[in-house]
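As written, the chains take the letters A, B, C, D and E, and residue 1 is the first residue of each chain.
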């Protein structure tokens, strides 16, 4: 870790450069390879970018974006609550696990697209069925990882909690949840992006707006530059969400990496902001992986 | 001791049966009360009937084979590529940082929205299905593997370093077992995602398989048949995932240290 | 024993006809067979025996963490089927028993918080207990930032803070230097004398066992049973140097030492690698 | 020291001007300052000092697991920047250092396998080392199926099997009963005598330190430094009872005991909770 | 970048078509889930063979995937919808219509099988009542939607005030009954089912508002057409004969559906309306459709019939 300000600044720059070189290279490659393309399926990157920028800064897509991502966050939140609750229950009880795991695996394997008719009849064509589908897609990675995370908590820790008769709600909040957290965050990380894909799927039927609707509609209209623009936008959003979550993850899993920040410095630390987090994480990983 | 184990095992089976019957009961109830009309949710019995006719038809098995082929091919490549890539990027921060955008972008990139482009590239073949499946499963597996290799505890890390264990053994004997719970979860997620995506692609493109049959049954208004294929899909996904679970319990025996309730 | 001091009596902790077998079928391994043990309230009982004999297993049985394969454990006339509020445990695996996501203070406070003790009070109590083990300056460190001995003391502080009437300690001073160990031995005796707590200490240090105990139980055999049950008649007031110099002490020490026969590591006969 | 026996000499392990600080900025905490230490090849050096003084940290520095903040560690004239082949370590956290997915045998064999030792030979060697610590009957158990002391012995067997010239042991006998401990102390002396291995033992047991050591290094202070460096002139041949009865032994023991002053737990002045 | 046509076994056999030619050309044909009887009959009754073709018929996906399959060379000739291919051509995708397959025959007097349906008891009585309402459809941008928009315009309602939502076919009817949508635009089996369940027709669908509309067309990629003019010609000829054969042999058609579709037997035997099939395109209907598409913003620039439909097409 660097101690001086300018040192930290340099570290941030370095980390950003490391993160950026490959995407930049690929974008450049794509740009030149597609520049003279006449195929409707492979529009020049320039045109895709123009459409994307127009769509977002021209405000054309804002309504769709807000609609879709409202559904997305509600769905993700529901998945989180259900995934954690069921995951903790099933993970901490061998009996429940034995009985219910096969059913959960079965439900997990059911194609949501096929349930759409029932969902639409039950929930209509408003945001509800979309939220349902997003939650349905997101819940599984969270649930499975929670189950496995809870099972992986060292027996000695569980035994301690039992010996001190920690009541259930406390045990969940202070022992099981933090203990399983390293694996839970993995589930959430995966759910974040699965949710985005489900967002598209959810707007295939019964929709009149939304980013997914826009992408599907443009595909159907053979406006593939728009389709590309939409999918790239979705990809970038996926990156941004994951990056934001990584910051959060970095913070809550500090103990897991054996990295401590003194209590007194916690607050100032927050103000160092995003860059410091990214840089800190990078430096930490470098340190952890010394041969 | 033994009798107790048997009792609990039969107990589990009975409990599972009860849950299954309850679920089917709810289904029947929803149909009987016409909560959901029969052309949306057929009665369980009519589905079973339809199942019986399908199960003897070779076309049914061929469809399953087609769906499986795409799913397993994609999953296999997803594992072959995802595990090493995840382990490498999980341990090497420089590579991880370099590929971070690509991976996070790729994970959210909805390949399904670009199916026309994929058809253009690969045609409506098993390969195309496998590619779509691959793009869907590889990233979850990478993420699981990344976090898995970071789960090696500090004490073990130090032990391994002090005994100068060479990298290949560290990977095989330390990182893989330590990451096993993470990897197994990745495989189980991947297994069902693979079947779902394979099926979804078939529904969307009409490529041969359970999905195409299902789409056709829906188009033809034969709802019980559609449910047969729906259940088939569930069973396929469940089967793949169960195989992975079984292997997990077999291979990760040390985990039995676990918290017995 | 002498009973001039207060005794926190919540009933006698008793093991009756206890047997413990791990595994089933051909892998079955009976560790403890047919054990009867009654712990006098207000006494310090020390448990000694060779490595792997089943001391930890017995402690886990007594605390209700595991159930006997046969027989029962009673506290007073309650049969113990799970951990009870009156018992605090210091685990042999003190490292594993720390919650790594909590700081030292949090680890000590946690059982109190779970019990609903108010914020101020539990902080006060945790602080006092950490002070008792000499860790008042390390309250906001994480467990992995502490040395082995410090972690062990955190585990002791946590058990003390829990304010139980019965304290089960599994090799609680194993990782401590002589000086700190002496201090904590004194503390143990104070706990008994001033608070009347019933204490069980598993230890490998025979001197320690005799010095601390009102009674020393010697474990041995396979499956293990009580080989000897020695009353220590050194009085309640003990002192590191004076007590250990008394002839009764030396005598007891020699007697117990001669009784701990483990399964015999034939070290000297094995060729070095 | 006497040098009639073979010495596996791979160079002298030396710490030169070593300082170790954990944390940065306001959280910086200097544990070891300005330490010079040279370990005579073929000797047993015992390291004693109060809990939390930095003994484990020093061992990790010497083994190359962590790097000094200032100064250097040398083995012969190589500067150590990472673990070297000639050094085996028994960790204080013996539980954590077991690979839970390997059986006992696997854990002991693993470093050998890593070194490319053939299947037969490494089994033979692992088996012999497990026999040395009395665990030949527990080779195919998983670590969590063992008692604390048994796990500790597995860690010792693993280090022995590694066949290094320098053995760093961090409280290796802390969880063992008196009898087993004696056996392993004998084993340690045999290792030095018959194989000429250079051994460093961190211990809290002063008797053990004097009994085992050709030299006892007393650590203390904050940041810690060498308080005393005592040569133990009890000869190479030692015997549990006879040696410990010698007046030189008693004298050294008393001297070292008086030097270990920890930061003083004012236990007796703190009110009990 | 385009024109990649992997494993197009037939690309060299263009000249070998024609009556009774010694050479047989393999073609890969993609069909729809409905309206495909002539295609099957052309195969089973030997019309393809007669014209020197050997067809490998497979079930395709939605119009978008069908068109992509044509461009990729995965299919040589495929069924698709009129409005869909018009959009594709407008966006510069190199495909063209080589022939009609099924049109909304103005002279056919059987029961219509497409159009707007209102659930029983619907408050909607008139086109003007549709303003601000939601209509459930089967595939966005399909012909029924376009036809309905034409109907709305002709009845003085601004189509922009009506919203269309894509629904899975089997929910259309229930969605309307439960009030999730106000009206539906099904076709084929779902249309007839709904009618039997008491749904009310409003208008007569394509037959009334876009007579002769190209409901199903045959398309091929421009590169395939250029390389295999003879195959196209032979294919159209074979399909022409097969369509006539289908018109004359209703029982053969029903048998095709029994074997190749998943329609229930009762429907096939008693309820199915056998609409006439023809390879002929109604160019005035095409013009009207393309104009309407442009006016409704479905096409971003004007497209003429000759851009989409081969001049040589019947």
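Criterion: a contact is a pair of C-beta atoms (placed from the backbone, for glycine too) under 8 Å apart; a residue touches a chain by one contact, two chains touch by 3 or more.
A quick map from chain label to UniProt name: B = NitT/TauT family transport system permease protein; C, D = NitT/TauT family transport system ATP-binding protein.
This structure is a prediction, so every number in the text was calculated from the model and none was measured.
K.L.:
Moving only between chains that touch, what is the shortest number of steps from chain D to chain E?
P.N.:
Graph distance in the chain contact network comes out at 2.
K.L.:
Provide the labels of all chains in contact with chain A and in contact with chain D.
P.N.:
Looking at chain D and chain A together, the chains touching each of them are B, C.
K.L.:
Can you work out the whole-Å distance between the CA centroids of chain C and chain D?
P.N.:
26
K.L.:
List the centre-to-centre spacing of chain C and chain E in whole Å, with centres computed as mean CA coordinates.
P.N.:
About 84 Å, centre to centre.
K.L.:
Take the average of all CA coordinates in chain B, do the same for chain C, and state the distance between these two points in whole angstrom.
P.N.:
Centre separation, chain B to chain C: 49 Å.
K.L.:
Name the residues of chain D that each touch 2 or more other chains.
P.N.:
Each of 82, 93, 96, 144 in chain D touches at least two other chains.
K.L.:
Can you tell me which residues of chain A touch two or more of the remaining chains?
P.N.:
Counting only residues that touch two or more other chains, chain A contributes 41-42, 117, 121, 155, 216, 219, 224, 258, 260, 262, 291.
K.L.:
List, in ascending order, every residue of chain B touching at least 2 other chains.
P.N.:
37, 40, 116-117, 120, 154, 161, 226, 257
K.L.:
Across the complex, what residues on chain E touch chain B?
P.N.:
4, 6, 30, 33-34, 58-62, 64-65, 67-69, 71-74, 168-171, 173-174, 189-190, 193, 261-264, 267
K.L.:
Would you pull the chain D residues touching chain C in the complex into a rising list?
P.N.:
22, 48-56, 92-93, 95-96, 125, 128-129, 131-134, 145-150, 153, 160-161, 163, 171, 174-181, 183-184, 186-187, 190-191, 194-195, 204-206, 257, 260-268, 270-273
K.L.:
Okay, in this complex, where on chain E does chain A touch?
P.N.:
Per the touch definition, chain E meets chain A at residues 1-2, 63-64, 67-68, 71, 84, 87-88, 90-93, 134, 140-141, 163-168, 170-171, 174-175, 178, 180-181, 298.
K.L.:
Any idea which chain A residues touch chain B in the complex?
P.N.:
15, 18-23, 26, 41-42, 92-95, 98-103, 105-114, 117-118, 121-122, 140-141, 144-145, 148-149, 151-153, 155, 158, 182-183, 185-187, 189-190, 192-194, 196-197, 200-201, 212, 215-216, 219, 224, 227-228, 230-232, 234-239, 241-243, 258, 282, 285-286, 288-289, 291
K.L.:
Tell me, which parts of chain B touch chain E in their complex?
P.N.:
37, 39-40, 115-117, 119-125, 204-208, 212, 215-223, 225-226
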